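One chain, subunit A, links the two complexes that follow: it is found with subunit B in the first and with subunit C in the second.
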Partner chain A sequence: MVLEKEVFKEFEVAVGVGNVNDGEVITDVYAYNWCNEMFNFMEEKEPIPYSPRPKAVILPSTTEEVQKIVKLCNKYGIQFKAQSTGLGPWNSVSTDNSIIVDLRRMNRIVKIDKKNLYAVVEPYVSGAQLQVEIMKHGLNCHMPGAGPQVSPLASATSMNGPGFTSPSTGHSSRNVLGVEWVLPDGEIMKLGSWGLKNYPDWFIGDGPGPSLRGIMRGWAGAKSGIGIFTRVAVKLFPYPCSTDFKISGHSPNYDFKKPDFMRLYVIDCKNLKRLDEIIIEIEKEEISFMCSYLSGLAVMAIFANSIGQLMNLMPVGSLKSPLIIIIAARTKREYEYKQKVMDLIMQRYKLKDIIGKQYTPNSVFYGEALRSNLGLHGFIATGGFQSSCGVADSAKICLNTSQLNIPLKKIYIKKEALANDFGEGGWMSSYESGHYFHFESPTMFDQKNKHSVKGMAEYMVRSNQLHLLKHLGAPFFVEGDRMHDIFGPHMCNHNIWLRKIKTTFDPNNIADGGFYITPKKD
Partner chain B sequence: MNKANKYSPENCKWVPQLQIKSQKYATICPAIDEYNFHPYSGGGKIIIALSYQMGRIKPSDELRDIVYKCTECGGCDVSCKFLNNLEPLEIIRELRERLVKDGCGPMPAQQKYIESVKKVNNPYNEPHEKRMDWLPNDVQTDPNSKILFYVGCTASYRRKEMAIATARVMNAAGIKFRLLEDETCCGSPVLRTGVKDVFLEAMNKNLDAIEALDVDTVVFTCAGCYDTFKVDYHLNRNYNFKVIHAVELFDELIRSGELKLTKEVPLTVTYHDPCHLGRNAERYEEWDGDEVQILPLVSINIPPKPKRCGAKGVYDPPRNILKSIPGLKFIEMERIMEYSYCCGAGAGVKSAFPEFALNTALTRLEEAEDTGADTLISACPFCSTNLQDGIKEKSSKLNFYDISELILMALGIDIGKIKEEAGEVA
Partner chain C sequence: MNGDNLYGNIIKICGSKNISIDTEIIESYSKDLSFFPEKAPICVIWPSSTKKVEKIVKLANSLKFSIIPISSDAGPRHHGDTIPHKDNCVVLDLSKMKKILKIDGKNRVIMIEPGVTFGDIIPKLKKKGLKIMLPLHPRASKSVLASALEREPVTLPRYMWDSSDPLLCTEVIFGTGDLFRTGTAAGPGTIKQQEKAGIAQVNPMGPTQFSPFRVIQGAQGSLGIVTWVTIKLEMKPSIQKVYHLQSNNLQELLNFQQDLLKYRLCDELLILNNLNLACLVKQSLQEINELAKKLKKWNLIYVLAGRGKLANDKIEYLEGDIGDILKEKGLDISKNKRIISDVDILHFLGQADTNPWRLRLKGGYQDIFFISNLEKIPNFVSMVEKQFPNDLGIYIQGINQGTSYHCEFDIFYDPNIVESSNNLKNKFLEMCTALMDAGAFFNRPYGLWAKKVFERHADSTRIALKKVKSIFDPNNILNPGVLCFDD
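And now, the complex of A and B:
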């Protein structure tokens, strides 16, 4: 269903000729996304990787243009779905009455405040772009596990946001400061110190008055279901080591000259009980740049850049309860201190580091760790991957989630719907010195194989049910009406509250709430 | 197109993440940079291929426009394959071939030059008998040489200074070479638009003519012809001679002392890697293995299948040459070698979408200017034309030379005369 001519013209006036398109090819490509097939199956539709086609795709370049688009949507009763770097089904429209607002032309780094450690970015600035600019000032930013090619703004405002460097860069939900937000009625809301009447600046995320951060993003973001975020300030952190990188050679076998004060440890904690103690011990000391528990296959994946290489990494894949730790420092003294602390912890728990003995990674691993590229390795084995579970809690709950999920996953591995990771596929990382942890279970399936897609979808549904049965907290994918209404009664009726927020902020139901919530129920 | 239905994490729009050196020069795809909508990117074109295969979209002007607004530079291919085993460039090419078969391609402007190739053996509709007019009287050729200089249509008719300079450098080094009397278009501009049958005809004509001679090496000054002979001919028909680009020959001659660069060239230069000489000049390695399922859903290639990531392009020879010129200062741009940014001219874009080609050149020129260089060097007549068009358009202060012209300067040969000769016969 395309736009009526007059409506098309009005959008064109708002954003300029050439920036609105309702052609069959353009809209069909925007209907495609990774994992749409799985969500289609969950909705009892054909498991193809396409959502409904958007009515049109629109490319604004300023906040004012976004406002105009949203106001036109209200005028004509058309829904909108905004996307920035566009990774994942959450960027797809859920009805055939929606347009896509592609924020690609909003790609400016508005401000880097070196002194107060924050940067203000627009939606299409990628993590890698922000990182490379702040690295020039010796600074780093948090990068979600999805990789450096995705938008820090999207992660901070609208998605979940765990990442591999979490011990030193936190979580997207905690890193968001001032926000500029085009509400579903077209008005602009400024959050935090950016909303101050006098001397507005971006340095605080909460207030003025009651903080709206929870309403804006909650646990996993509204995926554009509550408006469009056009600028956001995110926290910056000191880069953990020298930023004077040397990378040579050619793709894919780049050589990376590891900075002087950087060391990788891969240790086997032997069992998860010990791992729980050890990871907390390490994180309490605040020495790690990266510290993650990964299942055997996931450890193999982060060290490989092809399936062939992955299969040659059995020695690291056979570790029972591995911890991957990177320490990095700016000075020799700091480096020695961190190593000394690690040595003491390792002595106390009788741990052995396999790096340099049983295994030595290619130098490019260090480059990928520093440039936050490791998450993309999840696609190596089958080409398709998605995470189930997804919990933020204590290490114990996270590891318990991991263990309880194994028998379920094994059912689908036995059915040959999922790739065999012995049911263990898992990634857990710590936040804020071990105060809380994030766990998810990356699971490999084949997008081209219907049996695999159906199996993956069933497994996802049953994984979520498991969270309820075993009281494991809210998983990643509590999205859309159906899931919120299942989980709501078990979680303080959050679905009722969420719907109230939606209807208050979006009285005309203009922001496509397919992956958020819609006002249709009481 | 069976490879189309796979996840692509959108790396296709960026240079390989580890190589991003600034926000300004982080992107790799000229098409998405120009047109912004996702379908213009490598990933977007993979989705188009899937949609077309599934019958979700039909042949249309819209489809043709999007598919042909791509320089086939292969940037998406390199970035994607750092971790994935997708083949974006192969999919784009196959998609064009499919559109041609379905009567939806190529673009009208491209069809015009394809007719010209069929009629007069060059895409410029120039008389075939004037093909050798670039050759100055004092350039020595040897009809019995084992080395053939394949000049190509663009250097023969449009960038004569490249043909002349290459010939003169070979003369200066004492390299005897011959020319192909009945040289015809290599077929590159035809192949890139998806018109495979006309390409195969051109290929067979050239290979038959060259194989009838007693030559063991063919030298190219045109990166496009070189890539086509080296990679595309090789994919379609075996031949019994070696192909090298002039920069490879000159680098060898400089290193062996046969070519002595003694004259100071006081320029600060930066070098633009042509896609045809860089990442796309990597041959597909033969692989006679099997895809073996080792676990449910997990397959590996046995033996491992070589990944064509652009690593084996011609990168060092031009750089070695520049570094061996006395008095010359060489500075790199940010996007180089296998992740170089395209000049914007390739795959029929210059003829069908001149504005897109020019804008891409302007982007590349800005990157060259940002290095602080006063001179831009390259080794491809298409890049030369498009980048010089860009220099003119933006009134840039950059000089532009083909690398062979720079060698002549370092040999103390007046290149003003060459420009004159090229101008006279242009």
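And now, the complex of A and C:
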């Protein structure tokens, strides 16, 4: 269903000729996304990697153009779905009455404030781009596990936000300062100090009074279901070590010169009870740049760039309860102190570090850790993966979740629907020096195989049920009407309140709520 | 509304001992230290449980009376946010809900009811090797929950990962009378079931795709009544080393503290002018004035801390790294005179205050506070000093990982001199307005400020907040008239 001619023309006036397209070739491309097949199956649809075809794709270049688009959508009763770097099904439309607002022309780093430690970015700035610019000032940014190629704006405002460097750079949603936000009715809202009429600036995102960041997003973002975010200020952190970044060779096996004050530890805690104690002990010392529990296969994956390399990594794959810690420092003193702390903890718990003894990673690993590129290794084994679970609270709930999930996953491994990770596949990271933790279970499947997709979808549904029945916290993907209405009665009827927010802020139901919530029924 | 009906129903819920219409009592809730006009509530109610709060809010919806929630009964209160703006208000004094529901050292979190005060909690945590992030020398009778809900700045900025810290999860009764829990406390399952599974209520985000705790925070009780919260804790250090740098050059200290904060090198970190520092350390007018004269105008205080076997190693590395920064900035702290003992400094940084420090000099004060970026601070200081050259305390606190600063100006005066109070009121309001016009962001808009603050902020904010109010308190039951909820 394409746009009517007059409507097309009005969108074209709003954003300029050449920036609106409703041709089949383009709209079909935008209907494809990674994992659509699995989510389709979970929603009892055909397991194909396509969403409904969007009515058109529109490319604005400014906030004002975004506003014009949203107002036109309200005028003609057309829904919109915004996307930045566009990874995953959350960027797809949920009805054939939606357009895609592709924000790729909004690709500017608006401001780097090295004194007040923040950067203002537009939607299509990637983490990698931002990091390169702020490294010049000795600064770093948080990047989500999805990798440096995705949009920090999307992660901060609309998606999830766990990352490998979270012990030292937190969570995307907690790093948000000022925000520019086109509401579903077309009004522009500016959060915090950016909303001042005199001397607007980006240094804080809360107030006056209640913080509307609480409407903007939760642990997960609204995936464009509550409007379009056009600029955001995110916190910056000191770069953890020297910014001298020397790299040579060819992708993916680059040679990287490891910075002087950077050290990796891979230790086997032997069991999860001990791991629970040890990770908390390390994090209370506030020394880690990165501190993650990974299952054996996941440890193999982060050090490998091909299946061949992966299979040669059995010494690290056989660890029972591995903890991956990176310490990094700006000065020799800091580095030595952090190593002393690690030595003391390792002595106390009789731990051995396998790095440099049983295993030495390729130097590029350190470069990838600094670039937050480790998550992408999840694609190596089968080409496709998605994470189940997604709880975030204490280390204990994360580890309990990981254990309870294993027998369930094994069912689908036995059915040969999922790649065999012994059911253990998992990643748990500390946040903010161990003030909380998150766990997800990356699960590998074959996106082109219907049996595998069906098995993966069934496993996801049952894994979500496990969270409900065993009180394991809300998993990642409580989004969309069906999931909200399943979990709502067990979670203070949150679905009712979220739906009230949706109907109040989007009275015409214009922001596509397929991965958020819709006004709905009853 | 029929008064008998109201009292009869409240007595059924809370018992006759827990409601008062005694003139003296209700008048004590009709005013505070601010210039906000006096107005008495119709009664004061002391509920003892969440269930009772829930019933009272539902009753308010049906009988159409308004509720002003208050957490700590012992004043002094300051900012006009608990004085009725409208007729027909009851005060819901939650000070009898003072249970410490849990202290969880492993996960560094406490769960507390509204009546738990800083005076209650600090010694209990100390015994367990823990500490709470404190606002600057808080009143011992001040509610910990209220302080977190009001976004009071804390003196330990490196642990403030988000502007909402140290607040984590909450249990709240919305204006509709519905109970809700925020963050991971929302579920699935009851708190007991969650704890059995391993959840410690340490993740404030959510549930799912919204974070209601953020709108409850800073709402001055106008969206929900919070009946417990979880609060983030830190490990108590075994060694603390205090540094007190004096200078007549504010910019020099601002630049230095910015590096300390950026690299997370110290625990407590703040800047005070001589008068505020003297007020924090001394008790009487004479002692305060004497000390203030001895001090240089600007005082940067920071504390290095370590614990366990490597405590001294940590301090040594921090001192070395800080030494490098000092050299780079050309600062020499070796000539710094030690005028105040470390014990005195650690006392006001780590203990609650039984003799409110802002009242020590003259018996009264008005405070102006807002958020700024780093560069604008000196200009704001000049503006206020020009208008209030004497008896002015200043406190500058980096917050939120050094991305912004709490700027506080404490104007000390004698409230018993009526003429001085009246003159001050106008001057105070003019000063606030001038600061707002110069870009100061009053993100906690209390009492007489509120209208001016919202006039200077994007209209879309006010409209959005009213929408939020219509969702969580559609009948305008809770603290009507505060913020931009004036109609």
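Just so we're on the same page, the second predicted complex is superposed on the first by the 520 of 522 C-alpha atoms of A that agree within 3 Å, B and C clash if a C-alpha of one lies under 4 Å from a C-alpha of the other, contacts with A are read in each partner's own complex, and residues count from 1 in each chain.
What we mean here is this: a residue touches a chain if its C-beta (ideal position, glycine included) is under 8 Å from a C-beta of that chain, and two chains touch if they have at least 3 such contacts.
Predicted model, so just to flag it, every value in this text is computed and none were measured.
Participant: Applying the touch criterion given at the start, work out whether A:L196 contacts subunit B, subunit C, both or neither, answering first, second, both or neither.
Facilitator: Touch partner of A:L196: subunit C, not subunit B.
Participant: Please indicate which partner A:K500 is in contact with in the superposed arrangement: first for subunit B, second for subunit C, both, or neither.
Facilitator: Touch partner of A:K500: subunit C, not subunit B.
Participant: Once the shared chain is lined up, is A:L212 touching subunit B (first), subunit C (second), both, or neither of them?
Facilitator: second
Participant: Check the contacts made with subunit A and report whether subunit B or subunit C touches more of its residues.
Facilitator: C
Participant: Classify the contacts of A:C389 with the two partner chains as first (subunit B alone), second (subunit C alone), both, or neither.
Facilitator: neither
Participant: Under the stated touch criterion, which partner chain does A:V182 make contact with: subunit B (first), subunit C (second), both, or neither?
Facilitator: Once the two structures are laid over each other on A, A:V182 reaches no partner at all.
Participant: Could you tell me if A:A328 is touching subunit B, subunit C, both of them or neither one (first, second, both, neither)?
Facilitator: neither
Participant: Using the touch definition from the top, say if A:E416 reaches subunit B (first), subunit C (second), both or neither.
Facilitator: A:E416 sits against subunit B, while subunit C stays out of touch.
Participant: Which holds for A:D446: it touches subunit B only (first), subunit C only (second), both, or neither?
Facilitator: A:D446: touches subunit B, not subunit C.
Participant: Could you tell me which stretches of subunit A are touched by subunit B in one complex and by subunit C in the other?
Facilitator: In the superposed arrangement, which is not itself an observed complex, subunit A uses no residue for both subunit B and subunit C.
Participant: So in the complex, which bits of subunit B are touching subunit A?
Facilitator: Touching subunit A: residues 5-11, 13-14, 16-23, 26, 36-39, 44, 47-48, 50-51, 54, 56-58, 60, 62-63, 66, 78-79, 81-85, 294-301, 304, 307, 309-312, 315, 337-339 of subunit B.
Participant: Note which residues of subunit A are touching subunit C in the complex, please.
Facilitator: Residues of subunit A touching subunit C: 113, 115-118, 170-171, 173-175, 177, 183, 187-193, 195-199, 201, 203-215, 217-223, 225, 235, 237-238, 280, 284, 286, 330-331, 333-334, 336-337, 340-341, 344, 392-394, 396-400, 432, 434-436, 467-468, 470-474, 478-479, 484, 487, 490-494, 497-498, 500-501, 504-505, 516-517.
Participant: Quick check: in the complex, which residue numbers of subunit A touch subunit B?
Facilitator: 19, 21, 23-26, 28-30, 32, 34, 48-50, 57, 59, 85-87, 102, 104-105, 109, 125-126, 128-130, 132-133, 146-150, 247, 249-254, 256, 305-308, 311, 364, 367-368, 371, 373, 376-377, 379-385, 413, 416, 418-420, 444-449, 452
Participant: Using the touch rule from the top, collect the residues of subunit C that touch subunit A in their complex.
Facilitator: 106-108, 151, 161-164, 178-181, 184, 186-189, 193-194, 196-203, 205-220, 223, 232, 235, 258, 262-264, 309-310, 313-314, 316-317, 320-321, 324, 371-375, 400-404, 436-439, 441-445, 453-454, 456-458, 460-461, 463-465, 467-468, 470-472, 483-484
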